[in-house]
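Each in structure tokens, the structures are laid out below.
Across the two complexes that follow, chain A remains constant while its partner is chain B and subsequently chain C.
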Partner chain A sequence: MKDLKHLYEFENLLQEANNALVQEAKAQGKLALGYTCYHVPEVLLNCPGCFSVRLRAPRTGSLDIATYYMSNFLCGYSKALLERAIEGGYNFLDALLGSETCSEMNRALEHFELLHLVDNPNFFVSFMDVPFKIEPHTVKHYVKQAKDKIIHPLSEKYNVDFSDEALLKAVAEHNEVCRLMTEIGSYRKEENPRITGYEYHVLNLITYCCPKSLILDKLRETAEELKTREPDEKKNYRAKIVVVGSEMDDPEFTKLIEESGALVVADRFCFGSIPGREEIHIDPNEDILTQICKHYMVTSQCPRYMSHEKVQERRDTVRRLVKEYHADGVLYEQIKFCEYWGYERALASHIMNDEYGVPSASVDRQYTASSSGQLRTRVQAFVESLEIKKIAKAREANVHAQG
Partner chain B sequence: MKYFGGCDVGSTYTKCVILDENGKMVAAVTNRSKINPVQSAQIALDDAIAQVDDLHSAKDLSYLIGTGYGRNKVPFAEENISEISCHAMGVHVTNPEVKAIIDIGGQDVKGISIDTDGTVKNFAMNDKCAAGTGRFYEAMANAFEMSLPEFSKLSLSAKNTIPITAQCTVFAESEVISLVGEGKPMDEIAAGIQLAVAKRCFVMAKKAGATDSITLTGGCAKNEGLKQAIEKVLKIKVVELSTDPQLMGALGAAEYARQKGMAKAG
Partner chain C sequence: MLKDKLKKLKNIKIEPDKIKAYAVDMFGKPAGLGDLYREHTALLKHREWRGAGDTLYDYYRWLVNWKDMIAMVGKAPVSCVKGLMRYRWFASYLSAPAFVDRHVMGLRGPQLRMAHLHYNMIVKHTTKLIGISMRADERFHPGNKLSKKIVLMDEIVPNEVFTGFPNLIPIPLQTLPIFLASMVDQQITPPYLEVTESYGVPADVCPLPSGEAGVAIEDDYPKIGCCMISTNMPCDGSIMNTSFLDRRLQLPSHVFGVPLRYNDEDVQEYGVEEIKSLIAYVEEQTGEKFDWDAFFSKMRDYNEQLDYELQKWDVNKTDYPQMTGACFWLYRIFYFNLSGGSNKRFLKVDKKVNKIMMQAYEKKTPVSKVMRHRAVVWSCPANYYTSFANWLENCWGINVVMDMETMISYLEISADDKEQALRDLARTYQRSIMRKHTKGGYRNVVDELWRIVEEYHVDTVIMYDQISCKGMDGLNGIFDDQARERNVHFIWVKQDLMDPRTISRRDMRDQVNKYMQTVLQEEPVDPTLLDFEDDLAW
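Take a look at the complex of A and B:
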């Protein structure tokens, strides 16, 4: 396939948290607001005068110092962020908005405060509490937390405007990004998709890590370019898979999967687009902030929700994605020591196989996994088993047709 | 006559098998791997080809498949297949009754369950460290100042087992040196090492869904002490293969090459 015009530029932007577009927005006087979790409503961090940056630690090396402050048995993502902060990689931030959704990440973010890791006198860290259930009173609590932990501190410290007009403006921009990503993502449902999982992963990460106003033009252009893009006649994959799991901001992981013979057609992981790139529908007759908060609670697929309906919904979603995106199987991935996905992966990968008849494999991985030869072997073996099952199914269908 | 090759470039040994079109093994080679996988594969292929009068170079093979960690570095290979699939196929053609494998290679341990057609039903892999792998055994044999074959038989004479707590290769080596220093019987320490590895294999086998009729493949399959320890923890008899278990990956690759090559030729 012909290379996407902006792909190389996007890949370069992902090499640093403080990338060229972040620097450009900062130079325009905008506030850089860091966050790490879906439960911190991204759209609130994109009100006029601000932009959100979902934190990554690209090109992570040794995690020794973070391990000293935390421990060996905590997730590599939280440690990588702490290590990068200690290295001075997030000095561009004006605030860091955390959520009490994951104790490991909480510990990492606490260290931003305790060790005064961001060299900015106005910098602050705030944590919001997120309920475990979706009930009218918990939504109310979540909205109050958004006010107390995001809106008030940002208004008081930086005079950020969170009026209804400002919120609607942020929602409109967010929705345009989502519309474009949904349009681009829909090509992954094609029989021979015109976009690879790696390309989509890069594009989607850009929407999380760069100021939206500065990428919209390029996203629009990419969506336009894809309308006429011709996929290679000879398919470059042997099976299509849905990737499901914990935090994953390393497109090299998707590349590794695709180099092993699979095409990633749906991304149901943290930092992915399902959920993440759904439009927020606002009813003008209802409270805007409540609707925004509710959107994040309802769409979340995080295994921190342990109620029966949410557990079942997560499994049904994966099964639906397999069908919708014509996938041959599911790869459950979990960053090592992720508490929530540890349970989810162990159970759901078996349920997919044994109860839903959806072939699945599961892997645990380090924060950066691209160089792992063993991981490559595991993914390749899974792809081979999917391919063989496909051949056997076709053979069976042929026998039935003949006889 | 057409010939088909499988080349398994492992982290410690490179194996090569050539089959004729009837599936008969006409050449088999096991060499210590070089640092360069291309070189390892080339030497193993040359050695195997030298065993077949009709063949003069790897180009004469009708179909060649690479497997093992260096699978994509095998010169002239038509394609590569993961060692997990190849071990399953290799065991299946050797003994179709076997339903599960514990493959202990140089740098990982795998549990594999096999479907009725020789394909992989399920697998589990210990790939985070060298604990319980061929590298681990090399370190242990070094600590005992023995060769690997000597060390593999040492535990057979043990009347008791001294448990080894460390699984990490580096820490286990220190623990073994301390135990030897304390004057503990060497064979009982060795039995403890075998038991520790067998327990790790137990986990992999169970994770892969192995229930009965299991065999060992990879270089460590020749370790008699380990085989006995595995039988003890799994409470089933390990099936002995009629072909060298270290060759199973290469044999599986060659069998896949035979099937694909014959299908291609129509």
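Take a look at the complex of A and C:
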């Protein structure tokens, strides 16, 4: 396939948290607001005068200092953020909006405060208390938290405008990004997709890590470009898979999976687009902030949600994605030491295989793809098993047809 | 045969340094305790000699514990025998008297009496729970009515709110099969952990929820109850094992969410709503109405117990602490979580213990033979070595005057105002076991430690490094940095909560030994306890 025009530029932008577009927005006088978790409503951080940066630690190397502070037994993502922060890699931030949603990330973000890691006198860290189920009183609580932990401190410290007009403006911009990403992502449903999982992963990460106003033009152009893009005639994959699991902000993982023979057609992982790139529908007759908050609660697929309906919904979503994207199987991945996905992947992959009849494999991995050699072997084995299943299925169908 | 035995007796040589130890022992002070252990199993060769009065008292209490256990079987012999055959964990409770013995080693006088009163209450309440569970088990008695009266709850949900349902029986689901069983018998958890790991859950998750999931996968929970209350407490792992438990139980269930950022006022309304929603759910499932009078009456007992608890703390702040070791926290978590004011016997025990304690304090009775260091134990203790604090005391003269688990909620609950009571309950639940310090921000565990170090005049911190606890691991460096600034003896003790295969009891002791011998260059109070094998012990 012909290369996407902006892909190289996007890949370069992903090499730094404080990338060229972040610097450009900062130079325009905008506030850089860091966050890590889906439970922090992204759109609130994109009100006029601000832009959100979902924190990554690209090109992570040694984690020695972070290991001293947080031991060997915590996830690589949280430690990589701490290490990068100690190196001064997030000095561009004006605030860090956290949530006590997983212990490991919570501890990592606390170090920003404890060790005064951001060289900015106005910098602050706040933590939301996020509920575990969706009921009227938990929605109310979540909205209150958004006000107390995001809106009020940002208004007081930086005079950020969170009026209804400002919120609607942020939602409009967010929705345009989502529409474009949905349009681009829908090509992955094709029999022979005109976009690879890796390319989509890069584009999607850009939408999380760069100021939206500065990438919209390029996204529009990419969407246009894709309308006429022709896929290679000969398929360069042996099976299509849905990837489900914990935080994955290194597109090299998707590349590694695709080099192993699988095409990633749906990204149902943290930092992926499902959920994350759904439009927020606003009813003008209802409270806007409540609707925004509810959107994030309803769309969240985080295993932290405990109620029966949410647990069931997570499994049904994966099954739906397999069907919708014509996938052959599901790869459950877990960043090592992530408690949530450690349990979720074990049980869900059993259920997929044994009860839903969807082939699945379950793997753990490091934060960066460079240290995940074993993953390649696991994916190759999974792809082979999917091929064997396909052959067996075809044979069975033949036998039935003949007999 | 007889000749052989006589020959063996003649060949026994008593080493000179041991003669002294035995001589001291004869006068009743603890010494040579390590010589009482058999190799590997750490079974006692004979009971500890504590002087005539204390030895007799100790033996009498040993008999009382057996009496309580036999009485439980006597009430439902068939159910108990079936339970023994059906559930792997059941047999672990046969070693309960040995569990008590481990925790009273070296104790004398008032300390021995207080500890025995507390441990016997633990035995009594546990036998009650086991008895009910077996009689209500639908595997043994299909369709029985008792089971329908049982509301299962996650073990971390404290019992206080259920005192408003006097006709129902709240049973903490995981307590008997795994949490308590692992304290009594260190060998019981590994098989369940292996089951979970074979299922695909990584071995690096916290072994408590992992073991609980293992019991579910193995189908080893009693088949009881009409509904289940699960919760987000205490940590990420226990949130996640809920789906394993739900899948096995197949009961209607309710998620009871407790706010995490509990120091913030803005979470309190949500906390109260969750209590109300829990009450409404139980009412709906069982047809019972919340009885405020019953609740208030029990909360009066709860508050009185709390008052006795705070007196223990006050005494321990002085130069003459009276209750050290594991008894302090074990009893505390037991009555806070499992009774929550519901069992009046706890209050009676508290009254008795308080009387003994205050008399001993007035007489300035030393709490142990030697008290070289006042210590606080921080982070979650290892279930497989709950008597570690007793070993610290007997071997090194390190007396634990306060610990993290004891410092759970100490807020009173209103016994006459409904709205206030709900607010108090919400705040109390936010500060329950294993989550008061690990949730809500680092201040709750870091700053809180230094406050206690100061208040209790502590010179040593025994810092458990529970290697799978993500909430605590995430602050390792900060603890180290701040300990250096404060110049306290900060002794890291690695452990794996429920899994003695990773870090054994002996390994735990070794870490303290090394610090005491190399950094502090001290000699042990009882050298026979310095190193012994107990890998095959209960």
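Please note the rule applied: the second predicted complex is superposed on the first by the 401 of 403 C-alpha atoms of A that agree within 3 Å, B and C clash if a C-alpha of one lies under 4 Å from a C-alpha of the other, contacts with A are read in each partner's own complex, and residues count from 1 in each chain.
Note that a contact is a pair of C-beta atoms (placed from the backbone, for glycine too) under 8 Å apart; a residue touches a chain by one contact, two chains touch by 3 or more.
Small disclaimer: the values here were computed from a predicted structure and weren't measured.
Would chain B and chain C fit next to each other on chain A once aligned, or clash?
Here the two partners, once superposed via chain A, fit next to each other without clashing.
Looking at the overlay, what does A:His308 touch: chain B (first), chain C (second), both, or neither?
In the superposition, A:His308 contacts chain C only.
Check whether A:Phe73 is in contact with chain B, with chain C, with both or with neither, and answer first, second, both or neither.
The second partner, chain C, only.
For A:Arg320, select first, second, both or neither according to whether it touches chain B, chain C, the two together, or no partner.
Neither partner.
Let me test your reading of the model: by the given contact rule, A:Gln374 touches which partner, first (chain B), second (chain C), both or neither?
A:Gln374 sits against chain B, while chain C stays out of touch.
Is it chain B or chain C that touches the larger share of residues in chain A?
Higher number of touched chain A residues: C.
From the overlay on chain A, compute the angle at chain A's CA centre subtended by chain B and chain C, rounding to the nearest 10 degrees.
70
Answer with first, second, both or neither: which of chain B and chain C does A:Lys390 touch in the superposed model?
A:Lys390 sits against neither chain B nor chain C.
Pick out the closest CA atoms of chain B and chain C after fitting on chain A and give their distance in Å.
5
Once the complexes are superposed, what residues of chain A are shared between the chain B interface and the chain C interface?
none
Report the residues of chain B in contact with chain A in the complex, numbered from low to high.
69, 81-85, 107-108, 117, 119-121, 123, 125, 127
Considering only the defined contacts, which chain A positions touch chain B in the complex?
Interface residues on chain A, with respect to chain B: 372-375, 377-378, 380-381, 384-385, 388, 392.
Which bits of chain A are touching chain C when the two form their complex?
Answer in residue numbers: 68-71, 73-74, 78, 100, 102-104, 106-108, 110-111, 114, 127-129, 131-133, 135, 137-138, 140-141, 144-145, 148, 303-304, 306-308, 311, 334, 336-337, 339-340, 342-347, 349-350, 362, 364.
Residue numbers of chain C touching chain A in their complex, please.
199-202, 204-206, 209, 213, 230, 232, 235-237, 239-244, 246-247, 253, 255, 257, 259-261, 264, 266-267, 269-270, 273-274, 277, 438-442, 465, 467-468, 470-471, 473-478, 480
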